[in-house]
Structures are given as structure tokens and as C-alpha cells.
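Some structures are shown below for you to check.
First subunit A sits with subunit B, and in the next complex the same chain sits with subunit C.
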Partner chain A sequence: MRKYAVIYRSVFLENLQYTMNIALGLISYFIFIFVFINLWGYLYAEPGTRIAGYTREQMIWYVMITEMLWFGARSGAVAGQVSADIRGGNIAYLMNKPYHYTLYILARYTGEWSIRLPMYMALAVAAGIMMVGKLPGFGLPALLSSAVSILLGVTINGVFKICISLLSFWIEDANPFQWLYDKLILIVGTVFPIEIFPEAMRPFLKMTPIYTVCYGPAKLAVDFRMDQYLDILLAQFLYLAAGCGLMFFIYEKGVKKLYVNGG
Partner chain B sequence: MLTAVKNQLRVCLLSIKYNIMREMLNKVTFLTNICFMMLNNASFLVQWAVLFRLKEDIGGYSFREVMLLWGLSASSFGLSHILFARVFSLPELIINGKLDAWLVLPKNVLLGVMTSATRTSAIGDLLYGILVVCLTGFQIKRILLFLLFTVTGAVIITAFALLVGSLSFWFVKTEIFGNQMLNVVISFATYPDGIFKGAAKFLLYSIIPTGMMVYQPVHMITDMDLGGLLMVLGYAVLLSVIAAAVFYRGLRNYSSGNLMGARV
Partner chain C sequence: MNVIEAENLSKTFRVKQKEKGMKGSIRAVFKPKTEEIKAVNGVSFAVEEGEALAFIGPNGAGKSTTIKMLTGILYPDGGRVQVLGIDPTKKRKQLAYQIGTVFGQKEQLWTHLTPYDNFQFFGAIYDIPDRETEKRIGELTEIFELSAFLNTPVRNLSLGQRIRCEIAASLIHRPKVLFLDEPTIGLDPVVKENIRFLIRQMNREFHTTIFLTSHDIGDIEKLCRRVIIVNSGQIVLDDSMEHLKFADASLEDIIMRVYREKGKEEPAL
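Coming up: the complex of A and B.
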């Protein structure tokens, strides 16, 4: 584990040098938030309206948290780097190092989001309090449970993105699959909670990464319930175990297809 | 003069043709990129279908109009990235001193740079836009207007990218700032303007070019008005002239890198 901690630390310190660049990226996040505040403001035009059981404040805070996760967990390591390593042949140098390649990427990813996510979180809290007001009913249990859930959710997201990038062993460009995964998370998972979908679709959605990556953490923050927390936590652990298994499996299968061109 | 313009156009078209041919070398990747980009755009149908279950009109737009808005945004963005993809990475060329290759050519520098790359997935964006306008009401007049506004939209977003990208001649950090500004334009372009009020709406029709790129054209496709059409055309021309002027003014500040490279 120590070697991965060293990788994490070096990426963390490297990213610390680029906080100004990350800060400029906050503009996009702010614009997204601004658009959604206007959109939900329009849909909640009549006072006292509840949509899918959510008040206006809860809905906007839900979107702000999910968007924060989406923006904060964006990483070059799990998407671009893995594909580039495989396509460019750099993986030949990385796979014989004394670490597992996929865990090396996961450590790099964690180093990246450890800087980004807190910055997005700070903006989300500031913008939320100024533009929407305090989140009603938000207390210590909600804070602690959503923090654990965010940690797990972001890691699950990284594992699945690595799985998709590893498809580059078979197809030259795995980016199109990344777009689809991102869109699944962005459209179905971040813009509105699962409860807004027709009842028949909900069980299916609960089995997708949406439930563990974005719905779970945001739901716990806006509407904490202990039974739901245990449900989400169990789903996240199962998802993480299955995701890691899949990641190792794809990698082992993929490296057997690797051939060296020389040069 | 006319021959020079004709020659320049021929060079630009050949450049675009060879860019696309290069992208087509791997046919599977080429087709996957196009198809998945269309699927990617289509996935937003889910979002709007859900939102329209909550209210019949959103910001004065019906579902069909939102689809038209989406289609026009995608096709404008797509056309711009098929023809002028390099504009969107202009800051990288400026900061790393990579403009030299075009400065020594006996052709227009700006057009040479602009047409030197293409983005495969953008073909999917363009096709998606055309598919959407056909599916949301097949009328020749409507399709012709859509194609016209796809061109004006592409000109507007390209000019805006050129304008913010050219700032890199003076400031280094504008690379990220420029990308963020483009994200702002695209983020607004896929939501109805009716949900924005006051200063935000004013900005969308002035400094942020989204209003003239998609909002005004969508209003005119549903309800044509000559004044509005002239306004969009005027805005596209004016923005292009300003962007080109800023680029050439900035080019005087350009300093070459000592990087040796070959363009094949």
C-alpha cells in the first residue's frame, strides 16, 4: 500500500501547483449551477411546489452536489492517460514496474480529485448558501454519511472509467464509450433524482452506477435517513468489489493481447 | 484578385478534404466516433422527456422547439469543428510557438491555421442536427433555414473561439479561460432562453454569443422575420471581422519557439 501512497502524494503535490488552473475551471461549474437554478426556479414557479417529494431548495442542492461530484472527479488519469498509454505503447514500461498498473492509475486519480473536489465543494457551498439558502434539515449525520458516500462514489466512478479505458486494448479509441458513460451519469444521474423517473424504471436505475456514484451521496445530504444510508452503503461496497474485479479481469485479458512494435 | 481568392479557397477545401481522409484511415474508429456522438447527443432526449413530463412548456419552448435548439447547437458546433477544429486549440499553437509552419507558407495564415485540422466526432454532431430538424417537421423552407443558421452558428462560434484564443498572444492563462468561455456558450445553447431573466438574458444576446448563435435562429425558424435574419447575419460578420483583426494584431506579438518539427 505504501507505494500507492507515494504515487498519490506525488500527484497530489504536482496538482497543488496548478490550483489556479483548476480555479479557472470553476467558471464552467458555476455556469452549470446558474443554468439549473434558473431551470428549477422556472419549474418551481408556484410557491410550495414539491416535485417527486423534493422542495425547490432540496432539488437545487441535489443538483449542486451531483454536479460537484461530476466536475470534481473529472480526471485525465482514468480516461485520457490509460487510453494513451495503451495506444502509444507506454504501458509496456508501466506494466513491469513493482505495482499493479490499474491501482497505479487509481492512486493518480485519487491524487487528482483530492485537490479538485474540495475546491468545487467550497464553491458549491458558497454559491448554494448565497443563491438558494441553507439546506433545510442538514446536520452532522447527513454531513458524515454523505462524506463517506462521496468518497466511495468517486472511487467507484474511477474504477468504472478505468474499465472503459481498458477497452483500448481491443479498440483503438475508447473515448466514445467514455462519452456514453459520462452522459449516463450526467443526464440521468445529476440533473434530477431517481424519484423523478416513472416507478417502473426506478429499480433498473438503482442497479446502474448512477445510484452509487451520484444519487446516493447527494440524496444523503439533502434528505438523510439511516435505513437509506445503510442501503446506499451496501450498494456502494458491492459495486466497488464488482468494479474492481471487473477492472482486474479486463486488464489481465487485455495485456495478453499486447504486442511490442519496437522502436 | 479573384484568382487569388479562388486559389485560397481551393487550398482550404483541399486541406479540409485531406484532414477528413486522414481521419478515415481507421474506418472503425471513424464510424464509431460519428455514431457514438449521435447517440451521445440523443441521450439528452431523456433529460428533456423527463422535464416535459413536469411542465408542458419550459421557458416558452415546447419539446419540439427544445429539440430544434439542441439540433441547431449540435450542427453549428459540428460544422465549426469539421472545418475549423484548429481554432479551438489555437492557444496551444501560440503559447508553444507552433505557428511558424503557417507563417512561411505563401497563403493566408489565418485560413491556413483554421483549416488544418478536423474532428471526426463533429460529423456526428452535424448529422444529428440535420436528423433532428427532419424529424421535428419536414418542410423544405424549415430545413433551408436550419442549414443557413447552422452556417451562421458555426461562423459565430468559430469567430468567438478565435477571439478568445487570440488573447493567448498577450496572456498565457487565457488558454484555460478561453476553453471555459466556450463551455459557457455551449452550456447555455442547450437550454431555452425563456428560463433566463434580466442581466443574464442581456448578456446572452450581446457578449456571450449564444443568443445570436441559436436562440434567435430558433425563434426565426418557427416564425421568420427579416429584421432578425439581418441581425444574425450582421452579428456573424461583425464578430468575424473583430476576431480576425484581434488575431492579426496579436500576431505582431507572436514569438517563434525553437522547436524543430516536421508536418507530414
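Coming up: the complex of A and C.
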């Protein structure tokens, strides 16, 4: 583990130099949540309204948290870098070190989001308190459970994005698949909670990464219940185990097909 | 004792072929064509412990592909390979602890970190205790004369300084075999000479086995006691340096001469 901690530390130090660039990305996040605050404000015009079981404050905080996760977990390491490493042959120079390439990338990804996500979190909390008000019922259990769930959710997201990028061993460009995954998370996962969708669609949505990557952490923050926490935690552990298994499997299969330009 | 053993090593690549122009591009979408290229074709050789071997040949001869198979990066299609008694395809990670690699055309150091931080980083990657890493950094700094720029970010170093750091970093875990793929490419004659001196010193002092590919005759003459020449994925000559007398300075001339002496068809270079 020490070697991955060292990789994480090196990437963290590298990314500290780019905090201004990350700060510029906060503008688009702010515009995004500003639009949604007003949109949901309009839909919740009548006091006491609940939509799919969510109060106005819960709904807006839900969207702010899921959007925060989406923006904060954006990473060049798990998407562009893996594909570029495979296509350009740079992977050859990373494979001959005594670490597992996929865990090396995961450590890099963690080094990236652990700077980016807290910055988005600070903005989300400040904007939320000023524009929506405190989240009713938010206490220590919700804070701790959502923190654990965010950590697991962001890691699951990274593992699945690496799996998609590893398809570059077989196809010219994995970016269209990354695009589909991102849009699934962004449009279906971050804008509406699962309860908004028709009853028949919910079991399907719970099978997708949406449930473990964004719904789970945000739901626990806005409406903490112990039974739900255990359900989400179990789903996240299962997803992480299956995702890691898939990641190692694709990598081991793909690496045998590696063709390095120039030998 | 042999540290490297390759027996009938082969590697074939499938390379996409596309006809020229728009028509060819559209046809390639519906009817993709591939061509098989035998990069390495039945190569067999052995390298003894402490030996300094030059593995040379023209571009596309199969040198880098062979190095990548020896280091476990590429999977051979046929044949057998063992490095330090380990099959690189099966135990790449285990082998990585015992070998070092320097690719002259590829940066392996983290450019935003200083050489010192890089050495610390590689020390941790190779599971070396901090105190031991510190000791080895001191040794390497002295041997490679790095003290003047040990705390300068790598991106600010000259090419010669960077290559010295690259080689030093590849030695932090004291590898038994060092693979050098064109380590002096792009360096000026003075720096080249320094690098050669350091590699020679390392070979003598630590008894490190050197496996070198280079297009530079100086590298080969001054560093190696044995030469293997490959062309079109096959070994065309395997001999000691004493038997080879170089009068010309270009690699092409050497290969032509070897071909003439062996009575084989001359390659198109």
C-alpha cells in the first residue's frame, strides 16, 4: 500500500499547482446549481409541497451534492490518460514497475479528486446555506454516513471509468463509451433522484452505477436512515468488488494484446 | 551463470493497412485489412551474469520488441524466455524488482518533482526502507555527480542531466540486469562520454549485467564486450567485440559488412 500512497502524494503535490485552474471550473458548477435552485424553486412554489417524497430543501441539496460529485470527480487520469497510454504505447513504460497499472491509475485519480472535490464541496456548502438554507435534519449520522458513501461512490466511479478506458486495448477510441457513461450519470443520475422515475424503472436504475455513485451518497445526506445506509453500503461494497474484479480481468486480457508502436 | 535466456523467441504484430484517399478510407471501415509483421522471428541467445552486451540492428529490426519481451511488457507469440530464472510474462512484477530499464526517448521521472523526490518515490515503489533509500541516494549522487541539481525540478534540467538522473533512478533498487534502450540519444559528445563512463563503472563495481541497444558505435565499442546484430527479427551475428574490427563509423556499414562476410543478401536500409 505504501507505494500507492506515495503515488497519491506525488499527484496531490502536482495538482496543488493547478488549484487556480480547478477554481475556474467552479464557475460552471455555480451556474449549473443556480439554474436548478430556480427551477426547483418554481416547481415548489406552494409551501409544504413534496415531490417524490422530497421537500424543496432536500431536492435542491440532493442536486447540489450529486452535481458536486460529478464535477469534483472529473479526472483526466481515469479517462483520457489510460486511453492515451494504451494507444500511444506509454503504458509499456509504466507496466515494468513493481505496481499494478490499474491501481497506479486509481492512486493518481484519488490524488486528483482529493483536491478538486473539497473545493466543490466548500462552494456547495456555502452556496447551499446562502441560497437554500440549512438542510433540515442533517446531523452527525448523515454527515459520517454520506462521507463514507461519497468516498466509496467516487472510487466506484473511477473503477468503472478505468474499465471503459481499458477497452482501448481492443478498440481505437474508448471516448464514445466514456461519453455515454458520463451522460448517464449526469443526465439521469445527478438531476433527479431515483424516486422521481416511474416505479417500473427504479429496479433497473438501482442496478446501474447511478445508485452507488451519486444517488446513495446524496440520499444519505438529505434523508439519513440507518436501514437505507446499510443497503447503500452493501450495494457499494458489492459494486466495488465486482468493478475491481472486472477491471483486473479486462487489464490482464488486454495487456496480452498490447501492441507498442515502434516495438 | 546465465541471467537471460531466450529460445526461439517470436512476436508477430497485426498492423492495419489502408488504401490511400477517401475511397480507401471508406473501404477500410467496411473491409478492414491487416498485415502480419514478424517483428521477432525465432531469436535465441543467452547472456551471462556481469556481461555487457550490445543488441543492435537497423530501425525495425526487432531490438525494442525483444527488450519489451525480456522485461515482460510484451507477450511472445512463441518460444521461451527467462530473465534471472523468472518468466517475465508470468511474473512481471517479481521481475521488476530485479531489473532496471532506461529508455532514452522516454521520460520515466516525474517532471514536476526534483531528482531527490524522484529517487525517494522510486525507493518507495521498490519497497526500500526510507533509511536505505537515503543511503543509496547519497551513493548515486556521488557516482553520478548529481549534487548541483539534486533539488531542481526535473523539467528544468538539461537533457544530459536528466539522462544521468534517469539512469540513477533505475539503479535505486540495485537491479541485477539493466536494460538500456538508446540511453545516449540526443546527447552531446562530452555528456555521452560521461554516461558511458558511469555505465562502465556500474558494470564493474556492482557487476550489473548490461543489455544495451544503441545506434551509436561509440556506445557499443566503449561499453560492450559482445555484440548481437539483428535484422528482420533474426540474429545475423553473435560475436565478441574482439573479433569485430570496426573501421567505419556508421551502423549501416557494419551491418552491410557483416552481411557480406556471412554471404547473405544485403538488407535494404
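Everything below uses one rule, namely that the second predicted complex is superposed on the first by the 262 of 263 C-alpha atoms of A that agree within 3 Å, B and C clash if a C-alpha of one lies under 4 Å from a C-alpha of the other, contacts with A are read in each partner's own complex, and residues count from 1 in each chain.
Convention: contacts are C-beta pairs under 8 Å (C-beta built on N, C-alpha and C of every residue); 3 or more make two chains touch, one makes a residue touch a chain.
Model, not experiment: these values are computed from the prediction.
Since both structures carry subunit A, what do subunit B and subunit C do when superposed there: clash or fit?
They fit: once the shared chain is superposed, the two partners occupy separate space.
Return first, second, both or neither, reflecting whether A:L240 touches subunit B, subunit C, both chains, or no partner chain.
neither
Who does A:L13 touch here: subunit B (first), subunit C (second), both, or neither?
Second partner only, subunit C.
Quick check for you: in the superposed arrangement, does A:L205 touch first (subunit B), second (subunit C), both or neither?
neither
With the two structures laid over each other on chain A, which partner does A:R2 touch: subunit B (first), subunit C (second), both, or neither?
Once the two structures are laid over each other on A, A:R2 reaches subunit C alone.
After the superposition on A, what does A:I51 contact: first (subunit B), second (subunit C), both or neither?
First partner only, subunit B.
With the two complexes superposed on chain A, say which partner A:V148 touches: subunit B (first), subunit C (second), both, or neither.
A:V148 contacts neither subunit B nor subunit C.
Going by the contact rule set out at the top, does A:A92 touch subunit B (first), subunit C (second), both, or neither?
The answer is second: A:A92 touches subunit C but not subunit B.
Of subunit B and subunit C, which one contacts the greater number of residues in subunit A?
B
Quick one: angle from subunit B through subunit A to subunit C, Cα centres, nearest 10°?
That angle rounds to 90 degrees.
Looking at the overlay, what does A:L258 touch: subunit B (first), subunit C (second), both, or neither?
It touches subunit C, and subunit B stays clear.
Quick check: superposed on A, how many Å separate the nearest Cα atoms of subunit B and subunit C?
Checking C-alpha atoms only, subunit B sits 5 Å from subunit C at its nearest point.
Kindly list the residues of subunit A that each of subunit B and subunit C touches, one partner per complex.
Shared contact residues on subunit A: none.
Under the definition above, what is the set of subunit A residues touching subunit C in their complex?
2-3, 6-7, 10, 13-14, 17, 90, 92-93, 95-100, 255-256, 258-260, 262-263
Could you pull out which subunit A residues touch subunit B in their complex?
Residues 20-21, 24-25, 27-28, 31-32, 34-35, 38-39, 41-43, 51, 171-173, 175-177, 179-180, 183-184, 187-188, 191-192, 196-197.
How about subunit B: which of its residues touch subunit A in the complex?
26, 28-29, 32-33, 35-37, 39-40, 43-44, 46-47, 50-51, 54-55, 58-59, 121, 173, 176-177, 180-181, 183-184, 187-188, 191, 194-197, 200
Enumerate the contact residues on subunit C facing subunit A in the complex.
Touch list, subunit C to subunit A: 13-14, 39, 62-65, 67-68, 71-75, 92-93, 96-97, 99, 101, 103, 106, 108, 110, 112-113, 117, 120-121, 124-127.
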